[in-house]
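Structure incoming, see below.
We just call them A, B, C and D in the order they show up, numbering each chain from 1.
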Amino acid sequence: MAGSSFGTIFRVTTWGESHGKGIGVVVDGCPAGLALTEEDIQPYLDLRKPGQNRYTTKRAESDTVEILSGTFEGRTTGTPISMLVRNQDQRSRDYGTISELYRPGHADFTYDQKYGFRDYRGGGRSSGRETIGRVAAGAVAKKLLAELGVSFTTYVSAIGPVQIDRSRCDFARVWDSDLRMPDPVAEEQARAWLEECLQSQDSSGGIVECVAAHVPAGLGEPAFEKLDANLARAIMSIGAVKAIEIGDGTEVSAKRGSENNDYYADDENGQPRKLTNHSGGILGGISDGSPIRIRASFKPTPSIGQPQRMQSTNGHCVTEVIKGRHDPIIVTRAAVVVEAMTALTLADHLLLNLSARLDHVKKIYAPD
Amino acid sequence: MAGSSFGTIFRVTTWGESHGKGIGVVVDGCPAGLALTEEDIQPYLDLRKPGQNRYTTKRAESDTVEILSGTFEGRTTGTPISMLVRNQDQRSRDYGTISELYRPGHADFTYDQKYGFRDYRGGGRSSGRETIGRVAAGAVAKKLLAELGVSFTTYVSAIGPVQIDRSRCDFARVWDSDLRMPDPVAEEQARAWLEECLQSQDSSGGIVECVAAHVPAGLGEPAFEKLDANLARAIMSIGAVKAIEIGDGTEVSAKRGSENNDYYADDENGQPRKLTNHSGGILGGISDGSPIRIRASFKPTPSIGQPQRMQSTNGHCVTEVIKGRHDPIIVTRAAVVVEAMTALTLADHLLLNLSARLDHVKKIYAPD
Amino acid sequence: MAGSSFGTIFRVTTWGESHGKGIGVVVDGCPAGLALTEEDIQPYLDLRKPGQNRYTTKRAESDTVEILSGTFEGRTTGTPISMLVRNQDQRSRDYGTISELYRPGHADFTYDQKYGFRDYRGGGRSSGRETIGRVAAGAVAKKLLAELGVSFTTYVSAIGPVQIDRSRCDFARVWDSDLRMPDPVAEEQARAWLEECLQSQDSSGGIVECVAAHVPAGLGEPAFEKLDANLARAIMSIGAVKAIEIGDGTEVSAKRGSENNDYYADDENGQPRKLTNHSGGILGGISDGSPIRIRASFKPTPSIGQPQRMQSTNGHCVTEVIKGRHDPIIVTRAAVVVEAMTALTLADHLLLNLSARLDHVKKIYAPD
Amino acid sequence: MAGSSFGTIFRVTTWGESHGKGIGVVVDGCPAGLALTEEDIQPYLDLRKPGQNRYTTKRAESDTVEILSGTFEGRTTGTPISMLVRNQDQRSRDYGTISELYRPGHADFTYDQKYGFRDYRGGGRSSGRETIGRVAAGAVAKKLLAELGVSFTTYVSAIGPVQIDRSRCDFARVWDSDLRMPDPVAEEQARAWLEECLQSQDSSGGIVECVAAHVPAGLGEPAFEKLDANLARAIMSIGAVKAIEIGDGTEVSAKRGSENNDYYADDENGQPRKLTNHSGGILGGISDGSPIRIRASFKPTPSIGQPQRMQSTNGHCVTEVIKGRHDPIIVTRAAVVVEAMTALTLADHLLLNLSARLDHVKKIYAPD
């Protein structure tokens, strides 16, 4: 099935695998007239690429993007924007022995079950490199959203057992922090924890949070295309995510209605103001104009250096040490991916919502 | 936008609102030849309908389903199955004052922002009655899945602060329990908690868990149509759900790889057996044949009897008591909805996956 | 597969078969705020229904439509509009012997091949009654298009060998003509031809033309979603259509470029004016603001009263006379269906096109 | 809107414009296990590329394809197949004056109306080079269809007023003929006609016919996804096509039912055999196993060397001669495009149809 596309109007299609010739994405449905060059895309790929701290894969990739179509004189034309990143450091020799093993926590067994065989080099399509296309497309979506005032704050809120303390957070520092944490104290604790993981040939899980502010009210649809439903799909489609929460998330289950409802008071100008945002900016699947809050829980990288007990392709259990170049922690590189998927979802809903009201339709086609 | 459809091959379209003439669903893409009558559907609607315990709305509805098309001599024909439930107890007079208020925790404000006005009677399309179509369609999906051996265990695992203890659980009792809890001790504790909520004119959140067993390995797609991504969308599209977890869910973020990876050992027949199921039956977005585990956190019903501080449609803050017929707890009725959405997602992926392998395609079109 | 839906934003899903309980349609994605009641729909169903001339089936159906959802106080709410027409005169007894025959020109054999069996009563889902849902949905689309000034002229331009002469046409008379012909002379000739067909137990093909005027320029997309491509699909999806032409259609193949290009001249106000419309209002898949011209060729009704040589389900050839209630000519009833499918296509493209330009998007979300 | 994708299961997304960096396509949803290399693709691109006769553009392009992803050890993996063709001979200097003119018969005016501006170099996205992606994807579809025995015969049946005579046709010669005509006599007449067009700085229309044999019975869906409806969309989405016919096409409108119905007789083995194929292999939108016959009418290339009267972008009429490198006849290069679009449609329906019957679904998931 055609599973590599996302979105209805602002629609992206990604392609490419770890050890193929390259990775890319086609962004179709971007409105015409948006200023766009490679310089709008590359910074996000740089935030994603390996080698930014000592807890990521040693694979050497420049991840340089080339826009192949869809722009003219520096603006989008409304036609598909194709972007290409060539793979450079495939080194497939490292992966030889993996062909006969189903690595724990990886998609080796399930791909074989689905397709009858698999490209075993570096995880093939299930590799984290698949997210390059998402990040490149997300950069286009962010450029579009910025034109309408939408802004993002994305950060790592937990690495293993270490959690940020909001009273210590400075969100301006996130992209300068190699661990993407807004709390410098937690960052140092996380670094100690990661050293411990490295030494024991182990890896660690973590949490990414993303807040989108100034999203217009009214985005999202009743029933199946609720904004939060599509955000859930978007975020859960990132490899290694095992939970997605909106607003107060899992905490709401233990609450009473009187604790969880968001109440209003008049502000200094006599305008109603929401006093809390337990709902995370979405009610009935539709944005209410307050910040949209998302939390994604990532499992620890399954690739670890310890001997592990696994299936082999010939139907036996074996104990093996898996070689390769892997990340002991994924959330530091995944933060920009979560932001990209959020941006892609919001951009699509922004365009979908243009047709919600007859008076808006008339404003375009039959202005007074 | 057309937001009322779900699925690609096994595709359902729901319609209807709280105080309209009825609620319904069209199921398109069900394979021909499946035995199906109203008697396969009605039991699930009965599990969803109000009045099964004293913590649900007093609205009186028989919720009787009529199959209008798509079957012939008791079997599906492959053409759309249309199902209709007429509304009976609309009593729209109760909702008169609501037209000028934006109820806290409800979609009143967001619908007005989106559409410019709204059907304020009973929440209109954002009413819980919208799930009737989901449950009816889910019953068809379950019938299809049962032909291939897939079975479901669905239950309420928490009501407010009360959680089940797995050592005390008897999952066979769930649908006989008016609170849908497998643990009789927790059930009594939950009952006490709900009485307390009722007396304080308040409501409670809760958790529903769903386990799908004997799902064929290989369902799901790489990238955006991962099985867990589509389950996340499916479940998050149910009103009041604020978090969706697969397998160990949020817990994985604090774990090490060596704790979270699922290891194998040979069983008594020398076959590799998964010793744990932290992954919840899905790796790389594709089912691995072990049980798929889903957890959905529901917020407390926003409709409570206490005075609340809210916006009015004329732009002021007011303190009002909202009248109406509402449920202080939603999870007891939502369990069957979670199961339905899971079944719809699995049925669609089952059919999508038919085209994954050339040898399977040949088995149908060019058998030896 | 889910094949009963049409459109991306303005999306309709039809259901129902000839001898089931009813026929219906769900219209999802209609903008909120459009005035709509059953009185906007019923006149179009009346134009489609049998019994308006002596050359149509004797089946007695009132085809009365009921709107079940999606409107509030006479306006669309933006949520799905469900419409239902109950079947009344099923008389399935007439169709008994057909179960063992594959009628020539019908879908009996192909349905059996596809589904393994079929609802043989009256053609099941392949019955002309399936178009009821299209016409009801098309009426909603026309109401929306009328708000933006789009108007339609639809007529029968040929019945068998009889063609209209444009010099004699009065398009205002079409819906009063029982043969839907604008040329009264051709109408009388066609009537004579149809009498001849009736007497020889035969049927006749014909042509429907539809012209949509005042369609905004800019509708349609490059590549696969060209406006003419979607019109072609829309019209060819009507049973019995074997050809679809845009503008000059098949005639262009024999022309030179200098004959087929549309040239311009200044009009009395010094504005450029297209002198011809060979292109039928569409260039590069996108509307140019001039009238969109469509021509659909319908095959003769395959049900005729003569003995015919056909397959039986047991694999033999037999000569049989098919009983039943059928139309010797279909175009007179199909004209309103062609118009409906054109309107559905245009309504969808109108809404899709809202996102084509960044300046239009800003006009809605960030007006000065 | 995202208009550059085609298909539901076997889904292709094309990108690229005349004077951008390249042209490409992503094929998503191809079953795993199909043998595929560049050598399966290149021959079709060679049939499409300019310079094969003296009636095509002088643009020099090798149109060499590179497969960037989706194969491993010479077989498809089930993941997206990305293919890239770099543009070589852009020569955008030739197109300078065009930026202020709306060329007759081209999409210049409509693109400006839609997007607010356009890439005027060589038609941008509306260029014939857009079909490179279609042909490359079509080659993959043909490889898949060949595994199931489906074969194609595609040819030019008319160039301007010159039509082939079926009694003289040798279909084996088509791809060796520079005009793609099976009738050598007609070919010489067409050559004379084209010389005449060339000398008068004019161009010519033509007709392409495509016959697909050995298509399994049962492909296609009732209602909107009829096989012929999707073929109509597929073919009409090729630039310059103004009419699409199935089977006897427009001729059926003048026929009687007794002439148009296909009758049966027992063959020498006592099996029922269709004596005629007026229906073109499709009844009720579903294939019947006999050859599928398609006819596409192409308008003459709008680019001609004569002075023409057109709009300028500043709102005046001007008479101009358009320079550039263009084809006086398009059908000779379009034949392979028609075949590609037919193959893409059939491949998608082949995969869609896998879920039509419960017994087929069981054959894959629950074999005895």
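Everything below uses one rule, namely that contacts are C-beta pairs under 8 Å (C-beta built on N, C-alpha and C of every residue); 3 or more make two chains touch, one makes a residue touch a chain.
Being a predicted model, the structure only gives us computed values, none of them experimental.
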item	value
Partner chains shared by subunit A and subunit D (touch criterion as defined above)	B, C
Pair joined by more contacting C-beta pairs (B-D or C-D)	C-D
Subunit B and subunit C, separation of their C-alpha mean positions in angstrom	38
Gap in Å, rounded to a whole number, between the CA centres of subunit D and subunit B	44
Inter-chain centre distance, subunit C versus subunit D - centres from mean C-alpha coordinates, in Å	25
Junction residues of subunit C, two or more chains touched	1, 3-5, 8-10, 14, 29, 32-33, 78-79, 114-116, 125, 222, 352, 355-357, 359
Footprint of subunit D on subunit B - complex, ascending	8-10, 29, 31-34, 76, 78-79, 144, 147-149, 216, 222, 350-352, 354-366
Subunit D - residues contacting subunit A, complex	1-5, 7-11, 13-17, 20-24, 26, 28-29, 32-33, 66-70, 72, 75, 77-82, 84, 114-119, 121, 124-125
Subunit A to subunit B touching residues, read off their complex	1, 3-6, 8, 14, 104-107, 109-111, 113-116, 125-126, 130, 158, 160-161, 197, 200, 202-207, 217-226, 228-237, 239, 242-266, 270-272, 278-280, 282-289, 297-304, 306, 308-311, 315-317, 328, 352-353, 355-357, 359
